[in-house]
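Take a look at the structures listed below.
One chain, chain A, links the two complexes that follow: it is found with chain B in the first and with chain C in the second.
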Partner chain A sequence: MKLYDYILSGNCYKIRLFLSFLDINYETVPVDYYPGREHRFPDFLEINPLGQLPVLVDDEVKLRDAQAILIYLASKYDTSGRWYPRNPEAMGKIAMWLSFAGTEIMNSSNARLHDMLAYDLDADKARANAHAAFRILDDHLVEVGFAGQEWIAGTQPSIADVACFPYVALSRDGGIEHDDYPAIQSWLTRIQSLPRFIDMPGIHFMK
Partner chain B sequence: MSKIVDPFTLNQWYAVRTENKNGPDRTHRTRLLGVDIICQDDENGQVSIRRLDRTESQDSELPSRKRYGLVWTSLGMPESGIFEMPETEEEGRRHFVWDAVTVKTSGLRAIENFLDLAHFPYVHSGILGEEPLTEVTDYQVERINNEIWVKDCSFHQPKAAAIAEEGIHVNYIYRVPHPFVSILYKTCPLFPEKFDVIALMVLPREEDVCDIYTTASLFDNVNTDVEILHFQQKIFLQDRLILENQVPKLLPLGGRSEVSVRADAASIAYRRWLLDNGLSYGACTG
Partner chain C sequence: MSINFNKYHWFAFYASQQIMPAEIRARSMWNTDIAVWREENGSIHAWKNRCPHRGMRLSYGFIRGSQLVCLYHGWNYEGATAQCSYIPAQPNLKGPKTACVRDFACFEKHGLVWISTVAEAEKEPDFSDFGEAEQTIHFCRSIFVNESPGLVGEILKTSIFIPYGNDLADGAKLKIETSQAEHHQTGANYQAIWQSGRDKKKKTELTCQTEVRNNAILVNHYKDDQGNEGSLIFALLPIDDKKTGVHVLFSGDFSSQSLTSAKRHYAKWAKRMRWSIENRNLQTDSFNPWI
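For the complex of A and B:
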């Protein structure tokens, strides 16, 4: 299995983290996303015409989109079945939060790209949108927390948690603090305390 | 300009762009010491640089030099050329220049952090250090030709460089030839008698915002350029959030600050050297 990877990408880290949770060996193909913009050059566009990371290649299967890759990995390799339970309600809820991770939460990534790597983006708008998304996630975690549920889509951590985690955890890189989101803070700590958790620059182990 | 820039800071050369990076119309805009500047390439790759707070008749043209893969300029009157790094000319080295990462803190904080060995086991755990091997042994600090030299540092590092396959004992020499530049010489895992050279070239955009360029001159016959880039960026970005969370954002100089900071000889020597040279930009008192 081969992961086209960039060390500072939260979406690539998402896959590295989940592969670690599943204890699966893989090789990485490091891509020069910044400063080289290698993902926009023809050689990489042949691998993913959208010019985005990550891309996973597993035998004959080639997948782009971090959320799609999580579904594939959980469906194929998670023998416990807990990361992507096969029941209609869980699958629907997980799909809803995977979509949230790929859209609303990506505002946090945009603020980070602007603040850290000088991307020409409207950072104030991105920060406002990220805060709105975090408010929704925090309210959700509070609400399910009343019923004793500690994870986004159920009583066990699922790929919905993995998908939402990186760019929430990395948001301070883009000037988005966690102070107003106590439920998110506790949830981040729970993920960072899971067995086989790995870090990336900007996200640390819990001690 | 938000604040009068002291002469020591003003009269330095600053890296403002990588040589090969360019925007639309072969221009690149950035900021230096609170002043908007623009770099413009001609057809022959010559770079002219102007400050945008002055009209042409007011002498807006700035000097332009190319060195170490970077484009350099100055808002003042540098007394000498850009500092030399003769070691980098040694045969067999691979040269890297990595484009800027922005950090919302004083550039002086970034240099001071670079000089600090004590944070390795905590911030760069498993790479540049590892608990419980946290002890920093005694090292020497000297001033030579108005530069700071930190010598005889040594440290156990689990993965000292991309090419390191096992933990090694690494010797470090730091050199600070410029208030916003630090050069590190560290034992090369491939040839233990030689040093890899890694330098931080900081562009102070404002007193409390900087762009950090990194160059490296390494012996490595195994890793690809991108693998080395990833190794470097991983380490470098482990520091960024910690730097941004330091309070105050400006580096405290003089007053009671020296007793309140951790007793770190390199840091104290750096701060004293800045004070002795009359630096105030990016610094605060107390």
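For the complex of A and C:
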């Protein structure tokens, strides 16, 4: 299995983190995203015409989009079935939060790209949108927490937690603090305390 | 009685249950960035959130035993003294005396961490009239409203509250029988008749009184004609002139199942309250965050 990867990418980290949770061996193909912009050149565009990381290649299967890759990996390799439970309610809820991770939470990534890599983006708008998204996630965690639910889509961690985690955890790189979101903070700590958790620059181990 | 956001007072800063041993959290109070953290043994500290070395937010760091370790260059600060005790780059040097974090008085009560940024406020506030002493006070949630503390306090002080246990289904009706004109001095003081949404014949009569205690705590005490009694409590935190924290708590007798429902009830209200304060321009006068 091959992961086209960039170390500072939160989307690539979603996959590295999940592969670690599943304890699966794989090979990384580092892509010179910055400053080389290798992902915008024809060799990489053949792999993903959108010019985005990550991409996963597993035998004949080639997939782009971190959320799609999480579904594939959980469906194929998670023998416990807990990361992507096959029941309609769980699947619907997980899809809902995977989509949230790929859209609303990406505002946090945009603010970070602006601040760290000087991308030409409206950073203030990205920050405001990210705060709106974090508020929704915090409210959700508060409310499910009343009945003892500690994870986004159920009583067990799922790929929805993996997909939402990186750009919430990395948001401070883009000037988005977590101070107003105590339920998010406790949830981040729970993820960082899971067995086989791995770090990346900007996201550290708990101990 | 008015709400008094005097800097010389204590404010409810954080929910105790949201800071576990060896955890560190932060937010502002009166524009001052404050880190609040627990030693591994559970003792709590509130410090200015700024490393004396190069100004890094201490809340980005981590806890080792009784020490807070700054994320940037790893300087260690001892919980009890707030004094630098170890510098990794100079292991043989004792931490310089001047490398000392500003610490604030803090203590825990009613599930909240209370802080004062002023040294003279060494005396703890009097909580004897906080709620019904014999009843447990339950924490619902902390919620942040993007409006000034003064405005949030005024709106909450004069708001009408519907305690948990009343039927909020569609079609429910609230009729305020009496409400005092001098509202703004005294807080809300009213009798409400609550008509159930499901069973139109069922009416509940409530007597409510909102009071300001310890300057920035609003206590709404209610009694209904079924003999239920309790309090809804909002402990306000002035964050800066554009943001206010509201810690929502309540007291009363609840089974564990109804406690969960009561938390949901008050959390739902809290979100609607936040919306109604932040979107005042979109509302009609009849907006009631409870329905």
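In this section, the second predicted complex is superposed on the first by the 207 of 207 C-alpha atoms of A that agree within 3 Å, B and C clash if a C-alpha of one lies under 4 Å from a C-alpha of the other, contacts with A are read in each partner's own complex, and residues count from 1 in each chain.
Please note the rule applied: a contact is a pair of C-beta atoms (placed from the backbone, for glycine too) under 8 Å apart; a residue touches a chain by one contact, two chains touch by 3 or more.
Since the model is a prediction, treat every value here as computed from it, not as a measurement.
Student: Which partner does A:G202 contact after superposing on A: first (chain B), second (chain C), both, neither?
Tutor: In the superposed model, A:G202 contacts chain B only, not chain C.
Student: Which partner does A:L117 reach: the first (chain B), the second (chain C), both, or neither?
Tutor: First partner only, chain B.
Student: Once the two complexes are aligned on chain A, which partner has more residues of chain A within touching range, chain B or chain C?
Tutor: B
Student: For A:D32, select first, second, both or neither according to whether it touches chain B, chain C, the two together, or no partner.
Tutor: first
Student: Quick one: is A:E150 in contact with chain B, with chain C, with both, or with neither? Answer first, second, both or neither.
Tutor: neither
Student: So which positions on chain A get touched by both chain B and chain C?
Tutor: Common interface on chain A, chain B vs chain C: 172.
Student: In their shared complex, at which residues does chain C touch chain A?
Tutor: Residues in contact with chain A: 14-15, 18, 20, 23, 25-28, 60, 62, 71, 141-142, 144, 243, 260, 263-264, 267, 271.
Student: Of all residues in chain A, which touch chain B in the complex?
Tutor: Where chain A meets chain B, its residues are 5-8, 30-32, 34-36, 38, 115-118, 172-173, 175, 200-202, 205.
Student: Using the touch rule from the top, collect the residues of chain A that touch chain C in their complex.
Tutor: 139, 142-143, 146-147, 172, 179-180, 182-183, 185-186, 189, 204, 206-207
Student: Touching residues of chain B toward chain A in the complex: what are they?
Tutor: Those residues of chain B that touch chain A are 18, 21, 98-102, 104, 125, 211, 224-227, 229-230, 233-238, 240-241, 244.
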